[in-house]
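In the two assemblies presented below, subunit A is common to both, partnered first by subunit B and then by subunit C.
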Partner chain A sequence: MQFFGGSEISPSPPTPTVSGNNAHMMYVFNRNGVCLLYREWNRPLHTLNAQQDHKLMFGLLFSLKSLTAKMDPTSAERGNLGVPQLPGQGCSFHSFRTNTYKLSFMESPSGIKIILITHPKTGDLRESLKYIYNLYVEYVMKNPLYTPGTPIRSDLFNTTLDQYVRSIA
Partner chain B sequence: MAPPGPRSGDAIFASVERVNAELFTLTYGATVRQLLTDLEEVEEVNKQLDQMGYNIGIRLIDEFLAKSNVSRCIDFKETADVIAKVGFKMFLGINATVTNWDADGTCCNIILEDNPLADFVELPDTCQGLYYCNILSGVIRGALEMVSMKTEVTWLRDVLRGDDAYELQVKLLKQVPEEYPYKDDE
Partner chain C sequence: MAAICSLYIINKSGGLIYYKDYGSGGRMDTNDSLRVASLWHSMHAISQQLSPTTGCYGIELLEADTFDLHCFQSLTGTKFFVVCEPGTQQMESLLKVIYELYTDYVLKNPFYEMEMPIRCELFDINLSQVVQKDRVVLLGR
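Here is the complex of A and B:
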């Protein structure tokens, strides 16, 4: 049995069939760890309640970012592990892949984190996440009825997002 | 692959939706006028304009980042430059220059070459203490706060008050590092 490496992934999730949608879920966080948005398209298994799940995801990203910056062999100046960094300081990861899913991550200097979880065979989604950030600006930030820092409740945003995600993933 | 550098202010200005400049100027004028009527005190109006600007700034930063491709703002000097060269161009269509850095690089002045907010405006004698464009300083403060820079923005020169240019002083108070937002015992 092989746990690490190996080009063929096993068990592999079903290859996407229905309407080309192989995105599992998406999270949007702000700098304070508030989950602004959670969308779920295909997630058969839930192990935690929603709040714990969001916290776990945010914590994972926060630690992973600090770890990747610490591991950076190209940068001379890097703080100790766990020492708070300024936004945008140090390098950051943009995706990781397991045998069953791929997590793509983007963070803006204003602290908005966008996380998209898709089929492990999905390609580079960095441009797509940027586009989603643009959608967020147009549909959420420019909406006068939206109070910054609160969960997003916008059907229009959700519909547009669903459509877009279906087209990429 | 190196990430694409920031887009130029001109390029963004050309690609975004714009409103008629006069409509914009007159709407802003009407807003200030209404504030003067409602709040009566000039000092209060200054405060209110700053607050309105702040509220705009904390939203506008995301639009700025999304459209300009700026991916980091760590260095205050670089940031001030981007505000002047890209920010002002992108949202107001004007050019601005950064001058007068202090020795430790935490304080600079931004000079606006033109100011569309103040077209057609004359301050009457009763409003001499008014910082007519105080909304701009609020916007900068709000936007920078969202990228973790606490700043203080004040007007040094204002054509409406008899000076020969519009000049803003931006002073960096502190940069706030990112912290883990949850408490352990939650």
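Here is the complex of A and C:
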């Protein structure tokens, strides 16, 4: 299965769906649930401390993944609820919306999870998340000094990401 | 194929009080539907905690590749959610109509005990009529 095409960054990023800066925050988790990156642009409300917040977010997505696999009306064969899913397996869930935010989610075959939280009126961000994944591959994974599984401390990645997120949302 | 796959109603503490299947890939067994319902209840609550701004009332629409899930929460905490084909429109209004039926035929039924599973014939009849009508409208487009 070809997942995201080549590793080259596509020359033109996907076109923005809504203009104006309305991205709230972004998380990147690896397959073990370690938060590799947390960026925050506009978040007035903090209900928990940072570590608890990351854990809750990872837990929510973990459970939503098995919930969506279980609820899938098109397939008669379903996994058992609560059994951990393999990375990239049966993950058909890509976004949810509440009255105050929209969460878009992408998981790579290697289990990297990218979560972007934006304004509820934002359109489909699947292509944008793929582009962010490409940025991650280019600026983080191809960096020889980066040890996989550690938090990302790359200024180049952060500035490019900020720029791109500002342009999409 | 039916646009609506299934309907769930859960009470304010997360217990499943009504489940109806409209032809999806095999009906879920009772245990699984109960677990899915209470899992949805907690996901809904967690999503409120993670909101970047105040005044969040939980997930309204969940989108997956093969289905959409629309959820409506009444003021008393009863949640109604339907699983439907991706991109189905006007599910919010359908949920409101179902809520109206619930208030008319379930809550006004003197034999109905609050927070208990719904066993009301009139509710069943009217619900299937509404869903049928909705299907006809969708087919007519």
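By our rule, the second predicted complex is superposed on the first by the 149 of 169 C-alpha atoms of A that agree within 3 Å, B and C clash if a C-alpha of one lies under 4 Å from a C-alpha of the other, contacts with A are read in each partner's own complex, and residues count from 1 in each chain.
Basically, a contact is a pair of C-beta atoms (placed from the backbone, for glycine too) under 8 Å apart; a residue touches a chain by one contact, two chains touch by 3 or more.
The structure displayed is predicted, hence computed values, not measured ones.
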{"item": "Partner chain(s) touched by A:M71 [first = subunit B, second = subunit C, both, neither]", "value": "second"}
{"item": "Subunit B versus subunit C as contact partner of A:G59, first or second or both or neither", "value": "both"}
{"item": "Partner chain in contact with A:K130 - subunit B first, subunit C second, else both or neither", "value": "first"}
{"item": "Which of subunit B and subunit C A:T98 touches, first, second, both or neither", "value": "second"}
{"item": "Which partner, subunit B or subunit C, touches more subunit A residues", "value": "C"}
{"item": "Touched partner set for A:A50, first subunit B, second subunit C, both or neither", "value": "neither"}
{"item": "First, second, both or neither for A:L156, with subunit B first and subunit C second", "value": "neither"}
{"item": "Interface residues of subunit A shared between complexes with subunit B and subunit C", "value": "59"}
{"item": "Subunit C residues within the subunit A interface of the complex", "value": "5-6, 24-26, 28, 32, 35-36, 39-40, 42-43, 46-67, 69, 83"}
{"item": "Residues of subunit A touching subunit C in the complex", "value": "24-25, 42-45, 47-48, 53, 56-57, 59-60, 63-64, 67-68, 70-76, 81-82, 92-101, 103, 117"}
{"item": "Touching residues (chain side subunit B, partner subunit A) in the complex", "value": "58-59, 61-63, 65-67, 70-74, 146-148, 175, 177-182, 186"}
{"item": "Subunit A residues touching subunit B - in the complex, by the definition given at the top", "value": "31-33, 55, 58-59, 62, 84-89, 108-112, 130, 133-134, 136-137, 141-142, 148"}
